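In the two complexes below, chain A is the common chain; its partner is chain B in one and chain C in the other.
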Partner chain A sequence: MDITRFISTHRKLLLVGFLLLILIFIATFPLYTRASDVRVLTIILIYVVLAVSWAMFSGTTGYMSLAPAAFFGLGIYTMALLQEALPFPVIIVIGSLISFAFALLVGLVTLRLRGIYFTIFTFGLVIFMTEIVQYLETRLYNRHGWDITPIDNVTILYIMLGLVVVTVLAIYLIRRSRYGLAQLSIGGNEEAAEHMGINTTRTKVLTFAVSSTFMGAAGVVIAPVLIYVNANIAFSPFYSFMPILMAIFGGMGQLSGPIIGAVIFGYLEMRLRSELFNHFMLGFGIIMVAVILFLPNGIVGLVPMLQSKLGGLMARLRKGEQGEQHANT
Partner chain B sequence: MPILEGQGVTKYFGGLAAVSNVDFHVDQGEILGLIGPNGAGKTTLFNLISAAFPISSGEIRFKGRKISGLKPHKICRMGIARTFQEIKVFANMPVLQNVLVGAFFGTPTRVSAGDAAREVSQALEFVGLSAMSATPIKDLTLGNQKRVEVARALATKPELLLLDELMAGLNPAEVSEAMELVTKIRDTGITIFMVEHVMKAIMGICGRIIVLHHGEKITEGTPREITGNEQVIEIYLGEGAHAGS
Partner chain C sequence: MVERIPQLIIVGIFQGSIYGLLAMGLSLQYGVCRVLNITHGEFVMLGAVLTFTFSQLGINPLLAPVIIGPLLFAIGFLLQATLFRSLKARASSPAAFEGNALLAAFGVMYIFQYIARITWGGRLMPSYYLADLVSFLGMDFTLNQPVSFAIALALGVAVYLFLSRSRMGRAIRATAEDPGTAGLMGVNTNMILAFSFGLGAMLAGIAGTLTSIRTAVSTTIGFSNTVIALIVVTLGGLGSVPGSFVAGIIIGIVSMLVAGLWEPILTVPVYYAMLMILLLVRPTGILGKK
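Moving on, here comes the complex of A and B:
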């Protein structure tokens, strides 16, 4: 049997099977591991949501957003403020909607800015959120930070898994739809997109808002794991930079890129952080430089590269054999 | 009734009038040429028609309806498509998807995926690029990238097509092919308004020509009238003399 042919003809089936295996693995994960491992996996899943939804907007339209932390933090704070008033699933929905609405507003104001100006603004937004939330909570509640009632780790893992499935599926469907094409055309050439009948402003603002929705939801779900939050924790720029590093590391051209990047980086972060404390960023820096230098399409880009290299090697070997035969005759 | 009309069309950049008080009309079914030395305001006029910039004063009407003040995507959906002087393809997509964007978004009503796919294959066949539909656009020659722009514009089902220097940078064989293509497009019932520097092309296929100089309309007429016009000769020869000095 020709294995490569089998793989290419049954590609879809194999992919679905593979995804099911991963789902089963994550679902049964708590049965045979320690509580700390469950926590690591939960945080990796958070990064998957953040990286995939960041790439959904920035990877396609080419507008580099540093705002994930703003929407993620908004989700965390929604949970902090509403935890006693409403059931958890309702708060997830509300956190998502608040992020959506806030991103819509921010998008309408800022998506006229192009290139570096937009990026700087989105970074400013994260700082602004930290300051304004700090100011408001001292003024209104006279306090600094909030305790969040923890929820069972395994429950959180399952909810997080659900969020990952919803996010990835939604973004997969959007990518395949005509709106996905519209997003991509803005990244390709915004001016041409406008002249081809695409309402670019609406497309950008909506995409930005949809991607922020998932970030907000992720914030609500992670809040109980954090136990205590304040503005500096919730709106840490770290949550803006990590998804970007992960998406670039994994490769933004395909949906699988940011996922793979998030899994690898998320795992590395957990391991390196416990062993090297805050020096782990140094290791990240070195990895990032290497990836940008040698793998412009990220880890996912490695596959076709290796294929062509291997193909070339095989062809050369075959040619070599023929050459030898010629030499013998 | 003309398909496109402009009255007193003016555009200032800062204090400079790039296009100044230009009246023009494009008749249904014709190939109208727009010529003039560099900086005459030809591309600016196209940008005003397709609303890449807002107009400073004056009015543009398409099929009797005022279009100045509308957004570019609205104008495209009304039936005015364009190509660009410097190529503006979607560099992150293969040829087929480039044209698909036009088919999906450029029409006034929602197009089904099947109809869009048919529209794309028709447009690609029309410009002679069917064999390259899966090729990444960056791998195409300049001439072929320009063809993709034409196919993309055709996929929006325009009534009026603005061609901005379609022939610039093409070799003589490609220029002849492009001239044929333009005539063929007109024969399908699409009106054409084209900016061109390649005189052989403009004289060969345009029924009528407008001449711009320093943002103002100098004259208009048939190719024969234009080549005999003293002002036009002076502009072009004068420029040549400067270039020589």
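Moving on, here comes the complex of A and C:
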């Protein structure tokens, strides 16, 4: 009894402690594992950034972006082109800014209109990027693909971890702000939000650009792990669809949902990708349909559902006990 | 350079008629069922790959639609009757339904794509059917180009007449306009929705057959076909069936001109430039309603 009360009163404290434990775990991870595991963890963290920042825009406003890979790939290419000219941290900033600017442009064209146009426009954006980049690199540099000087795995892991912390913290703060409320109200009823005096177009465009900024940064950081990139690798639709599936599986309503989805599927993907890839993707599709049909709030949505069911069960049991006691006396 | 333009335009019209056919299907599905069906390209892929498989078994590719049409119709019908119908019943608002339906279609896309990859692998499937050269006004075409154009055009006109003249077509248009009222007038809307979705899938499947007799196909062509269908449908005006066909022809001509005179790799960027201008100037599309 005391423990449950302790948990309910010190919830925030426990949460912070738990998060600290995870951070310490990731930070000390390289000390007791193999190099390949460090790589797996890095990729999982990438998916966390992509899924969380995707859900930040599409989960709250209801406008479905199908193009995380376009911004992610921009980051990768920024790194490929600037790696010799500038230090790594500066490239991360530049990559983020380029993604921000590109998303601003896409948003300004499409986000004034109904959501369906935005979805259609973003769906093919990866092919658009692939072809433009291929054309430009042939024209300007007469080559396809770039080698990227690898950076030590552990360093990348720590930078990635820093990026995850920044992303999650920023999105957490945005969600709690006035601005986050404006996003949610657009998702709830855009017309009503407009009447309440929210500049809906500006909110949407800015949110989309901010969420794409994190994707661009993630692309810069992952580039040295890939060692070699070309347009087809950098702008692969796979990186567009994976984070969406993860966020939906985890549940978009809460910040923890996309994180949990990304960890589970990131791990599965890294383990199964090499030999069972086709079956893995098939399973992914089936899970996706099942989740949308039966678990609209994702895995995270299961918890309150089970809680209320269990709570009801407990209450009934307790009542039963009391009834028996009454009968005995 | 210049003397090639007429030939490119005609080849573009031939190619565009196939785009038009597959975009008509997508337009029907979005216009009536409100499902932005991003599985559409996978239906094209299924039609194309099945046509190739049948031709290996000795069945004439032009007869393949007799099997593929009903098969894809059944797939589309069942998808709408089960998955999208129950999503609609649970959705809190039309906007929520559109979002959920899109994401569910996303899952379905993966299912079809990877079933096909597991079954057929990723190899190229070239079928040189009717590949003899014919001359017309001093221009050379392979025979399959005008043949596929004729089939696509006939089908497109047939579907248009069906929608505008028949009793069933009127029911479909009524359901697209206002499902509630159509239901009160005695239209079995659930059946109409499933029928429209099935019809759309069937058109995609037949577009797949026509693609297969013209070029080599593989299990990976779905994604790019979906992209083209989406762009064509937006250009023609979302939900406008004749608009989709016209826009398909325009996109076909543009793709041939860009590929023939400039740079094949820039076709999709040029589509995007057109899409961008359209969205800025007239988002309702060429033939869409205001």
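Following the convention adopted for this analysis, the second predicted complex is superposed on the first by the 313 of 329 C-alpha atoms of A that agree within 3 Å, B and C clash if a C-alpha of one lies under 4 Å from a C-alpha of the other, contacts with A are read in each partner's own complex, and residues count from 1 in each chain.
Rule of thumb we're sticking to: a residue touches a chain if its C-beta (ideal position, glycine included) is under 8 Å from a C-beta of that chain, and two chains touch if they have at least 3 such contacts.
This one's a predicted model, so the numbers in the text were calculated from it and none came from an experiment.
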Inset, instruction - Return first, second, both or neither, reflecting whether A:Ile248 touches chain B, chain C, both chains, or no partner chain. - result: second
Inset, instruction - Examine A:Leu181 and indicate which partner it touches, taking first as chain B and second as chain C; both and neither are also allowed. - result: first
Inset, instruction - Once the structures are superposed on A, label A:Glu194 by its partner contacts, choosing first (chain B), second (chain C), both or neither. - result: first
Inset, instruction - Using the touch definition from the top, say if A:Gly145 reaches chain B (first), chain C (second), both or neither. - result: neither
Inset, instruction - Determine, under the contact definition given at the top, whether A:Gly162 touches first (chain B), second (chain C), both, or neither. - result: neither
Inset, instruction - Quick one: name whichever of chain B and chain C touches more residues of chain A. - result: C
Inset, instruction - Please write out, lowest number first, the residues of chain A touched by both chain B and chain C across the two complexes. - result: 189
Legend entry - Partner chain B, residues of chain A touching it in the complex: 178, 181-182, 184-185, 187-189, 191-200
Legend entry - chain A-touching residues of chain B, taken from the complex the two chains share: 50, 52, 71-73, 76-77, 81-82, 84, 88-93, 97-98, 100-102, 104-107, 113, 152, 156
Legend entry - chain C to chain A touching residues, read off their complex: 30, 36, 38, 83, 86-87, 90, 93, 95-96, 98-100, 102-104, 106-111, 113-115, 117-118, 223-224, 226-227, 230-231, 233-234, 238, 263, 265-269, 271-272, 275-276, 279-280, 283
Legend entry - Contact set on chain A toward chain C in their complex: 62, 64, 66, 109-110, 113, 115-117, 119-121, 123-125, 127-128, 131-132, 134-135, 189, 237, 241, 244-245, 248, 278-279, 281-282, 284-289, 292-293, 296
